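First subunit A sits with subunit B, and in the next complex the same chain sits with subunit C.
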Partner chain A sequence: MTTVNNNHYDVIVIGGGITGAGTARDCAMRGLKVLLVERHDFSTGATGRNHGLMHSGARYAVTDHESAKECIQENMILRKIARHCVEETDGLFITLPEDDLNFQATFVQKCTEAGISAEIIDPKQAIIMEPSVNPELIGAVKVPDASIDPFRLTMANVLDAQLHGAEVLVYHEVVDVIIEQDRMVGVKLRNNHNGEELDVYATVTVNAAGIWGALIAQMAGVKINMFPAKGSLLIFGHRVNNMVINRCRKPANADILVPDDAVCVIGTTSVRIPIEECDDMRVTPEEVEELLAEGMKLAPSLGSTRILRGYAGVRPLVASDDDPSGRSISRGIVTLDHEKRDGLAGFITITGGKMMTYRLMAEEVTDLVCQKLNISKNCDTATTPLPGSEPKEETKRFSFSQKAAEGRHGTLDKEIESGDAASDALVCECEGVSVGEVRYAVTKLHVHNLINLRRRTRVGMGTCQGELCACRAAGVMCSDDKSAQKAINDLNGFVNERWKGMQPVAWGDNLAEAQLTATIYQGLLGVDKLANERRIEYYEI
Partner chain B sequence: MATETQTQNVSVNNFEQCLKCSICTVYCPVSAVTPEYPGPKQAGPDAERYRMKNKAFFDDALKMCLNCKRCEVACPNDVHIGDIIQAARIKYNTHRPKLRDMMLANTDFVGTMASPFAAIANPILKLKPMKAVLHGVMAIDKHRTFPDYSSRKFESWFKKNAAALQDKFNKHVSYFHGCYVNYNYPQLGVDFVNVMNAVGYGVHLLEKEKCCGVALIANGMPKQAKRQGEVNMTSMRKAIAQGHQVLTTSSTCTFTMRDEYDHLLGIDNHDVRDSISLATRFLYQLIEKGEIKLAFREDFKKRVAYHSACHMERMGWVPYSTRLLRMIPGIDFVMLESQCCGISGTYGFKKENYERSQAIGKGLFDQIKEVNPDCVATDCETCKWQIEMSTGTPVMNPISIIAEALDVEKTRELNKQ
Partner chain C sequence: MRFDVIIIGGGLSGLTAGIALAEAGKDVALVSAGQSTLHFGSGSLDLLGCDDKGNDIYKPIDAIATLGEKHPYNKLEDVSGLAGVAKQLLERAGIATTGDANVNHWRITPIGGLMPTWLSMEGMAIVQDPDQMPWKRVALVNIANYLDFPTKFLAAGLRERGVQVDVKAVTVPQLAQLRKSPTEMRSTNIAKVIESNDIINDIADKINSITGEGYDMVLLPAVLGVASSENSKKLLSLIKMPASYVATLPPSVTGVRLQTQLRKRFNSLGGSFFPGDQVIEGVFENNVLKGVKTAKLDGTTLEADNFILATGSFMSRGLKADYDHIYEPALGVDVDDMGLDRKTWAKIDVNEAQPYMEMGVKTDEKLRCLRNGTAINNLYAVGSILSGHNSIKLLDAAGVDMLTALQVANNIIK
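Let's turn to the complex of A and B:
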């Protein structure tokens, strides 16, 4: 873990989601002394709980021209700077018999106005391009949607921030803010592993904590009107589609199907929830039913495909400042200069927006930070590739796990030991994660437990949901940090976390898989009896 | 509605039904000797998910698969693991077959070419310099000897000596003899005809017979295999229309035509499949029903060790052959533990596979040496070559053993109507 040497910074960024990571990168690249703090692991909030869709902007074209324009601009930028996090799948907007085909013309026109290439495709051609699509479609439009891995994207931003001198503290939670007169001068952190507290100071503090940013603001005596909206999604065992499939109509529930890595994801629902529920969201049976029923309209084969798990994220919707009732919601990027807005200097909140536009959000807030610090330096994040996305070297990858690792880490895969039987042995067979890759993640990518490891490498994200790989991974991590009891507790927590996501869809083969997992870990290994710490960390789940 | 469809979860080759229990990997003969092979579970259902994402995830290690299907026998959830791997090789492999592979695969063509020159070809193929050339230039391992080519094809023998006699029987079967019987070992076909005639069945050849195609599939020539398969299916349909069962004396040809045609080549064989049977199975079932009887020579004495060929295991037909053999009073029958012999058709002939092939079979060879039988019985011809080369023990097809032990006159009497 990074040690905090000198605890005064130019800027402290609160929140290890994509916005915080992107902001830390931008600030560090402009030469600022940066500290990034995150209460749990990177991308545990909204960042890690969405579709993994790299919007073309087409979804917003009709309803929100501004968002659509931002999306397509950032879409084109991310293809270049985050090559290894993006799969250029393209997307279809399909019209079904129950939809109004007249909407298509408006849709295409609005897309074109926003700079999004939208090409009308003959339905028969659409079926050839994407064989899983509902064959009853009466219209299709091709747009430059793509698939993006938010875990990788966040990690790449963090790594680049570090390369530019930023310091990073994970499992450090802001428990209070330090205010002197009318200026925020720092924050009080609690180490969530050992409970120790420490104060850190900065000229500017950026609140990039997503929905939880409302709570940070509250500590500073500032009110931000946020409306947490839960969105649930289902993950299928394998890809049925290789292009993103959307419905060509006004945005509604469960109308996007995205191919992500070896799986595909249908979502989302949308339900307002109280902020207290944001740390423990559950997918309800009604949501599963709706997602499946609507999903089958996009791709009928979803009906007979194994569902791996359900999960839910929360959209950080913000009330527009100019609406005193708080009902009007801003979908765009919201940068709040609390010095101007509330008379509290040294404190800025960046919120709203989308994962898609994180870089733009980071640029906006960093511009403001620089202005406060009287620094004039241009933003380079749109043109500088992220670590791993530098131009490809011509290397020949042979084995399955080498190819999979290159997909996950891009050019950084050269840091993964391979070539000997011990390093090449597979930890996770479903996702092709080798011992070498686990070791690399543990030493270089801020991995403290199995759940962190999963976000960095996909260990346990495959069909078996940890049935075989979890204990192997715990073994590798254990031999590295010499703590068997910690590894057992970790293993117990991990298996329970996997079960939480399987539970809403526990039937058929998925249930059989879960039973086999339970038999191995409870019956055979007795992990639940060996674990001496059963604190369920909901935020990790 | 949605949850109802979820109860009928089916996937191609049942790949989604895999519960990752890894029992298949435990039973995989390749995994047991080659740590570099990812094992059937990983190479099959696991990696299939990634191949669906991008065909670049095809791993050359899949070529190490023997297609023995022991993984499928072991699977408790009916996942067609071997089919997934073979289908991936057909679909994603970008390398074109080498000359060697084409030669090994075209058993039909090479047999036709070699038979007339058997007297010259057989000794030449055994010469050390020739083997060195094959090893060096063709990458056919120098330890291997091609099975002898017969100077007279089975088909020629049949037309000259047997065909005219078959119509006098009341009951009839068709015979798919396969390349091995036709070009290398006509005696097995002769034995088959003798046994069938003794129990009152006339034997007929198919109107047109092509190599079943197993070697073509294994060597990356599925299109040719499919063409040949269609010819066989057409001929068999005609035979079946006359009320014939189609019998074989090769477990692998049988398995290929019954299961691989449909699973790997997309040949619709549903109306033919149940009429294709192995001769031992056909005989055993008739004996069970009381429709035929066998009488054996009293002076026949032989210690026979039975080897379960992989595709016999996959079909679940081992008991037919073994129970039939056990009916012979003079047999001292030993059941060998079921293990792959390692040859897997043309696989073991390739230089790059030789060592692995022998390592896989070692357990079986050791067993045979310990049992020390007069002969090994097995239903597969390539197992025969491998076991004979590796142990020196002669190997016979159960039908040949039956033919040798049979009291033909008595059997004819018993089955007279």
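Let's turn to the complex of A and C:
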């Protein structure tokens, strides 16, 4: 972990989601002295709990022109700078017999106005392009949607921030803000691993804490009226579709199916929840039913495909009216200069927006930070590739795990030790994760536990949901007796975390798999008895 | 085709019933879909390890009185007697074990825990009293880069109990060859390489040369002896110090051996084995099962005087859960779903006792299955498919498998 060398910074960025990571990168690239703080792990909030969809913007074309335009611009940028995080799948917007086909013309026109290429496809042709699509479709439009790995994207931004001198503290939570007269001069942090507190100071503090940003603002005596909109999603056990499938109608529940790596994801629902519930969100049986029923309308084979797990995220929308679902709130970017707005200097909040527009959000807020610091330096984040996405060197990769690692880390895979028996030993067979990759993640990617490791390497994300690989990885990660106990606790926590996603969909093969996992971890290994700490970290779900 | 008894399911319960009936002179057929839960075994068989609060049980036979009324042990005439019969049945199949049903001993888990158990296969490391470890100084010797034997956890667990532990690793060129394909570095593959290359002596030499003197126990991963205990015994005998095995992560070589030897015994007794097939339908007539149809024997009905359903729980596909109910897929017999639906059959904390674990088929006092509420006169259920107990929390899986199988065999023979 990076240590705090000198506790005064130009800018402190609060929040290790994609917005915070992107902001830290931009600030660092413009030469600022940056500290990025995150209370848990990277991408534990909305960043890690969405579709993994790289919107073309088409979804918002009709209802929110500004967001649509931002989406397509950023979409084109991310294809270049985050190549190793993106899969260029394209997407379809389909019209079903129950939908109004007249909407299609408006949709295409609005897409075109926003600069999104939208091509009407003959339904028969659409079935050939995407065989899983509902064959009853009466219309289809092809758009440049794509699939993106949010964990990888966040990590790449963090790595680049570090390469440009930023310091990073994970598991450090802002417990208070430090205000002198009418200026925020720093924050009080608590190390969530050992409870120690430390004060850090900065000329400007950027609040990029997503929905939790409302609570940070509250500490500073500033009110931001957030609208926590919970969205639930289901992951299926294999990749049913190769193109993103959307419904060609106004945005509604469960109308996007995204292929991600070896799986696919249907979502989302949208329901307002109290902010206190944001740390402990669960997918309800009713949401599962709705997601499944609507999902089958996009791709009927979902009905016979195993659901791996369910999860829920919360959109950091800024409330404007009494919309009960939050669907009509703009996905637009909200930058709040609290000096102008509330008379509190040195404090800026960046919120609203979408994962898709994180870079633009970072650019906007960094521009404002630079203005406050009287620095004039242009933003280069739109043209500089992220670490891992630099031009490819000619490499010869033979093994499954080497190829898999290249897929996950792009050109950074050269930092993974391989070629000897110890490094090449395979930890996770489903995802092709080697001992070398686990060690790389632990030393370079801020990995403190198995759940962190899962986010960096996909260990335990396959169909077995961590049957054996979690235990192997825990063994690789621990170094002495003291860390062995910690690793056992970690292992038990990991098994529980995986179960939390499976429990709402515990029938069919999932229930069989759950029983097998329990037979191995509890019956054979006795991990539940050996764990001496039963802390359930809801935010780690 | 007609038999005295047809058994559906080739795991521990089905094979136990098959052997017991064949030993009594019955003409038995066994239909097995394939892999069984023995592949996830520990090298030990549990009878009753824990009470419902998770405390270790020292005297299992005495503790049976405290079990819930739905527990399958309540349908056994003489638990202690059947436990003795089970041990002898294993012995005759070439599976020597230590332990008895009156007093539990403890097995060492692959991550260094101690768990109470009934019978341990020969060569497995056991502890008679968890408060008094039998060794002062242990050499823990792994196969180099074999990840399914987490020595750091094992060492930490033993040290926690006051044992001095040195962790070491050995390898031989033939295993290095195996490692070129990393997915191959699994217990059963290691066993195959060692056994087919006849390199047990080489491995013993390596172990002897790196351990030296001064250990009162050498602990090894249980990766030898897929077909019989001959090779696993041979390695132990070649090591200069006392040595024994500890279970690995699955697949379990000792579990595969147990299954192999039980099958061999069943075959040698003249039993008919239908591997890789599964029963898809039963032909019922007036509360009697006349015959069963299988997926592979197209159109042919297998007939018998008696039938035993031993297809296991959810993980063995003996039970299935769909979106809104639990059912038994082979014969459609009645299931005890405890009145729960999918919103309640699984609890949020994985460490809590999960209600679905106690679901299974309903049986009458003679362990006969029910269909539409009525007992089928000649259809019995044995093993993990039975309702009324949580085998993961109680650690009673092997006991329920073997003892219900033996009880049903007795019921049929009578």
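Just so it is clear, the second predicted complex is superposed on the first by the 526 of 541 C-alpha atoms of A that agree within 3 Å, B and C clash if a C-alpha of one lies under 4 Å from a C-alpha of the other, contacts with A are read in each partner's own complex, and residues count from 1 in each chain.
In the analysis below, a contact is a pair of C-beta atoms (placed from the backbone, for glycine too) under 8 Å apart; a residue touches a chain by one contact, two chains touch by 3 or more.
What you see is a predicted model, and the numbers here were worked out from it, not measured in a lab.
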> Does subunit B (first) or subunit C (second) touch A:His238, or do both, or does neither?
Replying inline: first
>> Tell me the contact category for A:Asp261 with respect to subunit B and subunit C: first, second, both or neither.
In response: first
>> So in the superposed three-chain picture, is A:Thr463 touching just subunit B, just subunit C, both, or none of them (first/second/both/neither)?
In response: first
>> Just checking: does A:Ile307 make contact with subunit B only, subunit C only, both, or neither of them? Give me first, second, both or neither.
In response: first
> Now for A:Met296: first (subunit B), second (subunit C), both, or neither, which partner does it touch?
Replying inline: first
>> With both complexes overlaid on chain A, does A:Gly508 touch subunit B (first), subunit C (second), both or neither?
In response: both
> Of subunit B and subunit C, which one touches more of subunit A's residues?
Replying inline: C
>> Going by the contact rule set out at the top, does A:Leu426 touch subunit B (first), subunit C (second), both, or neither?
In response: both
> In the superposed arrangement, does A:Cys478 touch subunit B (first), subunit C (second), both or neither?
Replying inline: second
> Which positions of subunit A sit in both the subunit B and the subunit C interface?
Replying inline: 399-400, 421, 426, 429, 468, 507-508, 512-513, 516
> Taking the complex as given, what residues does subunit A use to touch subunit C?
Replying inline: 282, 285, 399-401, 421-422, 424-427, 429, 434-435, 468, 471-472, 474-476, 478-481, 484-485, 487-488, 491-492, 495-496, 499-500, 503, 506-508, 511-516, 518-520, 522-530, 534, 536
>> So in the complex, the part of subunit B that touches subunit A is made up of which residues?
In response: 1-3, 5-11, 16-22, 35, 38, 41-42, 45-50, 52-53, 56-57, 59-61, 77
> Inside the complex, what are the residues of subunit C that reach subunit A?
Replying inline: 37, 40-42, 54, 109-115, 144-145, 147-148, 150-153, 155-157, 159-160, 176, 179, 182-183, 185, 247, 249-250, 313-315, 317, 320-323, 342-343, 345-351, 354, 356-357, 391-393, 395, 397
> Can you list the subunit A residues touching subunit B in their complex?
Replying inline: 237-239, 242, 259, 261-263, 289, 292-293, 296, 303-307, 398-400, 403-404, 421, 426, 429-430, 432, 462-464, 467-468, 507-509, 512-513, 516
